[in-house]
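Note that the chains take the letters A, B, C, D and E in the order they are written out, and that residue 1 is the start of every chain.
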Amino acid sequence: TNLMGTIVNKQIDGEVRKSSRLKIGRNTDKTKTTKKQSRTTPTTEQTTAPPFELVVIESLLGHVCSFESNKVSKLLVTADEILSGISSNFNDKGEGGVKKDAFIEMQAKLGELLPLKNKVDQREAKCTEVAGAIAEVLKNDEDMAAMRLSEIDDNGVEEGDPKNLHVEVELLFEDYLLQMDEVLLSLRTVQNSVKNTEEVVEIELDLLRNRIMRYEMLLELSGLVVGVAAAVTGAFGMNLVNHVEEHPTMFLNVCGGLIVIMCLMGYGILRKLSTDNIF
Amino acid sequence: TNLMGTIVNKQIDGEVRKSSRLKIGRNTDKTKTTKKQSRTTPTTEQTTAPPFELVVIESLLGHVCSFESNKVSKLLVTADEILSGISSNFNDKGEGGVKKDAFIEMQAKLGELLPLKNKVDQREAKCTEVAGAIAEVLKNDEDMAAMRLSEIDDNGVEEGDPKNLHVEVELLFEDYLLQMDEVLLSLRTVQNSVKNTEEVVEIELDLLRNRIMRYEMLLELSGLVVGVAAAVTGAFGMNLVNHVEEHPTMFLNVCGGLIVIMCLMGYGILRKLSTDNIF
Amino acid sequence: TNLMGTIVNKQIDGEVRKSSRLKIGRNTDKTKTTKKQSRTTPTTEQTTAPPFELVVIESLLGHVCSFESNKVSKLLVTADEILSGISSNFNDKGEGGVKKDAFIEMQAKLGELLPLKNKVDQREAKCTEVAGAIAEVLKNDEDMAAMRLSEIDDNGVEEGDPKNLHVEVELLFEDYLLQMDEVLLSLRTVQNSVKNTEEVVEIELDLLRNRIMRYEMLLELSGLVVGVAAAVTGAFGMNLVNHVEEHPTMFLNVCGGLIVIMCLMGYGILRKLSTDNIF
Amino acid sequence: TNLMGTIVNKQIDGEVRKSSRLKIGRNTDKTKTTKKQSRTTPTTEQTTAPPFELVVIESLLGHVCSFESNKVSKLLVTADEILSGISSNFNDKGEGGVKKDAFIEMQAKLGELLPLKNKVDQREAKCTEVAGAIAEVLKNDEDMAAMRLSEIDDNGVEEGDPKNLHVEVELLFEDYLLQMDEVLLSLRTVQNSVKNTEEVVEIELDLLRNRIMRYEMLLELSGLVVGVAAAVTGAFGMNLVNHVEEHPTMFLNVCGGLIVIMCLMGYGILRKLSTDNIF
Amino acid sequence: TNLMGTIVNKQIDGEVRKSSRLKIGRNTDKTKTTKKQSRTTPTTEQTTAPPFELVVIESLLGHVCSFESNKVSKLLVTADEILSGISSNFNDKGEGGVKKDAFIEMQAKLGELLPLKNKVDQREAKCTEVAGAIAEVLKNDEDMAAMRLSEIDDNGVEEGDPKNLHVEVELLFEDYLLQMDEVLLSLRTVQNSVKNTEEVVEIELDLLRNRIMRYEMLLELSGLVVGVAAAVTGAFGMNLVNHVEEHPTMFLNVCGGLIVIMCLMGYGILRKLSTDNIF
C-alpha cells in the first residue's frame, strides 16, 4: 500500500497545490511514512520561511506523535514476546524434556498478559483521542484558517480568502493524522493478535482437557476391572467354606477365569464407549 | 447480485455518461467482477487515447489490487482446508478406525489456526487501508480533478469545469474500489467462518466433555459398588472368629447377598441420578 | 410497526406526491410488505404506461428480491428447527426415557449448526450487498435521473428538472430497499437467536458439568470410605498374630466399629465440603 | 439528565419558537418524559385547534409508542426476576439448607433465559425499526411539510414557506422519537445486564468447578494412600510363608508402619502439589 | 495529549475569537481539564457581564457534569479495588499460607463484579445520553442562537447575524462536551479492564484446571497400579491350593515381582501419555 499512498499523495500535494511545506526535520524513522522524501527540496513559487505559529505547532505535533510512536513500538515488542511465548507452548510439544513446565511457563506469561492488554487498550484510547483531535481540526476550515496568526495580527482581518490560507495547516495536520493512523493500526493489530491467541489457546486447552479426560476414563476403566478382580479374590479369601479348598487346579482356574473376565469386561466397555463416539 | 450490479452499472457509466473508459487489460479473472465485458468497445463520442497520468494510475491500482487479490485467494484456500479439517473431525465420528487420532489431528489443525487468523486479520487491515485510501480520493472532487495533470500543465488553470474533468478518474477509482470491496467481503466471510467454527467446536468439545464425564461417573459408580464388595469380603477374610466358618452354604449366601446388594446399590444410585436429571 | 409504516407511506407517496406507480404484479406474498395494496389503482393526474426502462428495472429488482427472500425463508425454517432441537434437549429433561440420547441428539444438531451459521452469514453478506447497492443509487439524485432513458434519448438533454424526473425511480428503489431491509432484519434475528442459543447452551453445559462433578465427588467420597474399610479388614486378614483371633465378639466389634468410622468419616467430609460452599 | 433535557427543550420549543403544540392527552405515564408539563397551556400567538392530520398522526404514534412501552416494561420485570434469580444463587451461598437445589433452580432460570433473550432482541429490533422510521421522517423536511394536508388541499400549492409549516410536525415526531429512544435505552440496559450476568456466572461456575476439582483431588489422594495400605495388608494376607507369622508384635508393627507411611505419603504429595501452586 | 489539547484550544478560543468567556468558577478539580487556566483574565474587547441565560445554563451543565464525574470517580475506585483483588489472586500464588482461600476470596470479589459491571454500564448509558444531548445542541446553529434570550427579547428579532451570536453558547457547550467525553473515556477504560480481567481469569482458570487434571490423572494412575497389587495379593490370599504355600522365599518373590510390575506399569503408562503429548 506504500505504492498506493505515494501516488495519491504525489497528486495531491506535490504537483498540483505546490504548497511550500515546512522543512522541519522529523524523528519518524521507525514508523514507515508513506510520504515521499523529496518534500524538503525548495519549491518553485515561494520559498519564504514557514511562519512562526506553524513551526510551533509542527514541533508540538511531532513531539506528541513520536512520543506515542515510541511507546507503542515498545509495547509491540513486549506483546510479540508474550504472545509467542504463550502459543509456542502448544506447538513445541512433542520434543520432550521441556514439556513438564509448559503449563507453569504459560501461566507466567498469562500473568503478564493482563497488564499488557490494559496497557494496549489505554494506549489505543490515547492515540484515538489525539487522532480525533487532529481530525476535528481538519474538519473545520475556519479553525484552520484562524491558526495562521501571522496573517491576522497586522490588520485584524485575515488576508486572502480563508480557503487558500489554511492549505499549509491542512497538509501539516493531515501528515500527522496519517502517522497517528499508522500507530493506531499497529495497536489494533496487536489487539487482534491477543484476541486470536486467547481464543485459540482456550480451544487448545479445551482440547487438551478432553484428551486428559479420555485417558482418565481409561485409567478408571482399568481400575474398575482390577477392582472386580480384587473383589472376587477377596470372596475366595473369606474364612468360609467354599468346598473347593482342596481342588488342586482351582487356584489357576480362578486366576485364569478372572483374567478372561477382566479382558472381556474391559473390551466390552471400550466397545460400548466407541459405539457412543467417545473413543 | 451480479444481475443487480449489471443494471446499475449499465445505467451509470455505459449509456448515459458515455465515458471513454481506458482499454487496459486487467488480470482480475479470479474475482468475479460485476462489470460488463463490453466496456472496452470504442464509444461513439470521443476515442482519444487515455491521458498518460490515468494510464499510470490505473496500472498502479491494478497492480495493488491484483497483488492483494492473489494473496487473499491463497489465504482462502488455506483457511478452507484448515476449517474443514477441524469441523470434519466431529462430524465424521462414528466410522471407526480413524477416530483415535481425531483429537491429535484437530490439535495440529488448531496450531495452524492461530497464524491463519493473524494473517487474515493483517490482510484485512491492509485491504481496508487500500479501500479507505481509494474511497477518500473519491469523496474529494477537487483532488480527483487535480489528478488530470495533462489538462492543467498547459496554462496553469484547469480547462473546463472540474465536475466533468474528474469523471474518468472517478470511474477508474470506483472500479478498483469495487474490486477491493469484493476482496474485503471474502476476507470477512473467512473471518466469520473461523469465528463460527470456533464457537461450534467449543460447544462440541463441551458436549463431548459432559458425555465423557457421564461415563466416568458410571465407571466410578461401578468402582464404588465393587469396592463395597471388596470391603465386605475383606471383613469375612479377617482372622477373627465370625462363628459361621463351618456353615456349609454361607459362602454362597454371602456371595449371592453381595451381588444382590451391589445390584440394588447401583440401581438406587442410578435412579437418584436420573431423578436429578443427570442421566 | 405495520401501522406506523402505513401512515408514513400514505403521507409520502399516496396523497401528496400523487405519483403514478407502476402496476407490475410482484411475487412478494411471503414477506409482509408495509405498502398499502391500493397503490395500483389508477391515480388522477397521469395514467400513462410506465416507461420501458422502469419496467425492466422493476422486473430485475423483483427477481433478485424474491430470490433472496425465498432462500432466506427456507433458511429460517431450517434454523428454527435446529435451534429448537438444541434448546429443547435441556428443557425437556425430567420426562425420562428419551434422556439417554439427549447429548447425542444435541451433538447431531450441533453438526448442522456450523453449516447453518455459515449459510446465514453468507446470505446476510449478499443481502447487505444488494441493499447497499440499492441505497447507493438512492443517495445519488443524478444517477436516478439518468436512469430515465426514455426522457433523454429524444433530444440528448433531459426534459424537465431532474428533481421531478427521478421521483418514480426513487419510489421504485425505496420499495425494494424496504423489502431487502425486512429480509436482512429476519436474518439478523436468526443470527441473534443462534448466538443466544449458543450462549445459553454453553452455560447450561457448564452447569450440568458442575452438577455431574458434585455427584462424582460424592461417589469418590463413598469410594474413599469403603477403601478405608477394605484396608482395615485387610489388616485383620494379615497372616500375623493379632492376639484377638479367639475373641468371640471381636468380629462384630470390628465390623460395627468400621461402620461407625465410615459414617463419621463420610459425615465429617461432607460437613467440611458444605462449610466450604461446595455442597 | 432530566435537568439537562428540560433546559434544552425549554429553549427550543417553549420560549423561542412559540409553537402551538397539540393538546392531546397521552398515556405515557410510565415512561418518564423529559418534556415539561406546562406545554398544554394556551400560547400567546395562535390557539387554533390542531389540524386533523396531526391529530390522527399523534394518536397513531401514541398508540404504537405506548404499545411498545407496555411490552417492554413487562419484559423488564421478567428479566429482572430471572437475572436476580440466577445471580442470587451464587451470592446467597453459605446460609445452608437451601443450597442443595441451587444448581437445579439455576438451571430452571436458565431455561427461561433463552426465550427472554430472544424476546428482548426481537423487541429491540422492532423498536429500532419504529425509531428509525420516525428519524427518517425527521431527516426529510419536504416529507414533513407534505404531511400538513390541510394546508395544501385548498389550492394545490402549499401556503407559507415549507420551513415554518413543518415545525409542528417536527416537534410531534421528535417527542415520540425521544420516547422510543428511552424504551430502547432500557432494552439495551437489559441486554447488557443479561450479558454481564452470563459472563460472571460463567466465571463463577469455572471457579466453583476448580474448587470441586481440588477437593476431588484430595479425595483421590486419600484413596491412593488407603489403597497402598490395602495392597500391603493384602500382601501379608497371602497364603505364603512370610516367616513373621509368629512374631508377637509384628501386627502392631505393620499397622503402625503403614499408618506412618500413609501419613508421610499424603504429606509428601500435598507438599508437591503446594509447590506446584495447585494448593 | 494535554499538550495537544492546549495548542488546539489556544488557537481556537484564546487568541483568535477573543470571546468573552464566562467567569463562573467550576468544581472540576478532579477531572484533568485540558483548558488553560488563564481564561478568566479580562479580555481586551468586551468585558460586559455574561448574559443571564448563559449563567443559568452554565450552572446547570456544571452541576450535571460534576455530579456524573463524582459518581464515576467513585466507581473507578471500586472497580480498581475489585479488579486488582481478582487478578492478584493468580499472580501472588507461590507465597504459601494465604493460598488456601484464594478461590474463596476470588469468588467474593466476583460476587461484587456483577453489580459493578451493571453500574458501569448504566453510568455509561447516562453519560452517553448527556454527551449526546450536548452534541445535538452543538450540531444545530439555529438552536444555539435561539438560546441567547437577552438578544431577542427586546425587539422580537435577533440582533446581529446568528453566526456570531451563538459563539459563546458554542464554546460553553463544547467545554462541557469535552468534560463528558473524558468521563466517558475513563468509563470505557474501566469496561475494557473488566473485560480483559475476565478473559485472562477465564484462561487462567482453564490452565489451572488442566494442571489439576494432570495431577488427578497421576493419582489415578498410581491408584490403578496399587489396585493391581491389591488384586494379585488378594489372589494369593484366596483359600485355595496354590502349591507354593510352603516355598520359603515365595513371599519375597511375589512382593518383589509385584513392585517390579507396578514400576514397569507406571513407567509404561507415563511413557505412553508423554508420547501422546499429555505430559
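Criterion: a residue touches a chain if its C-beta (ideal position, glycine included) is under 8 Å from a C-beta of that chain, and two chains touch if they have at least 3 such contacts.
Computed from a predicted model, the values in this text were never measured in an experiment.
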Mind listing the chains that sit against chain C and also against chain D?
-> A, B, E
In terms of residue numbering, is the interface formed by chain D and chain E classified as same (over half shared) or different (under half shared)?
-> different
When the Cα trace of chain A is superposed on that of chain D, what is the rotation angle, expressed as a multiple of 5 degrees?
-> 145
Where the CA atoms of chain A average out and where those of chain E average out, how many Å apart are those spots?
-> 18
Separation of chain A from chain C, taking each centre as the mean of its C-alpha atoms, in whole Å | 29
Residues of chain D engaged with two or more neighbouring chains = 104, 107, 202, 206, 208-209, 211, 213, 216, 220, 223, 227, 230, 234, 237-239, 242, 276-277
Drawing the touching chains as a network, do you get a line, a ring, a star, a complete graph or other?
-> complete
Which residues of chain E touch chain D in their complex?
-> 56-57, 60-61, 63-64, 93-94, 96, 99-100, 103-104, 106-107, 110-111, 113-114, 117-118, 121-122, 125-126, 129-130, 133-134, 136-137, 143, 146-147, 149, 152, 198, 201-202, 205-206, 208-209, 211-213, 215-216, 219-220, 222-223, 226-227, 229-230, 233-234, 236-239, 242, 244-248, 250-251, 254-255, 258
Residues of chain C defined as touching chain D within the complex | 1, 3-5, 7-8, 11-12, 15-17, 87, 90-91, 185, 188-189, 192-193, 196-197, 199-200, 202-204, 206-211, 213-214, 216-217, 220-221, 223-224, 227-228, 230-231, 234-235, 237-243, 269, 273-274, 276-279
Of all residues in chain E, those that touch chain B in their complex = 237, 276-277
Contacting residues of chain C [partner chain A, same complex] = 104, 107, 237
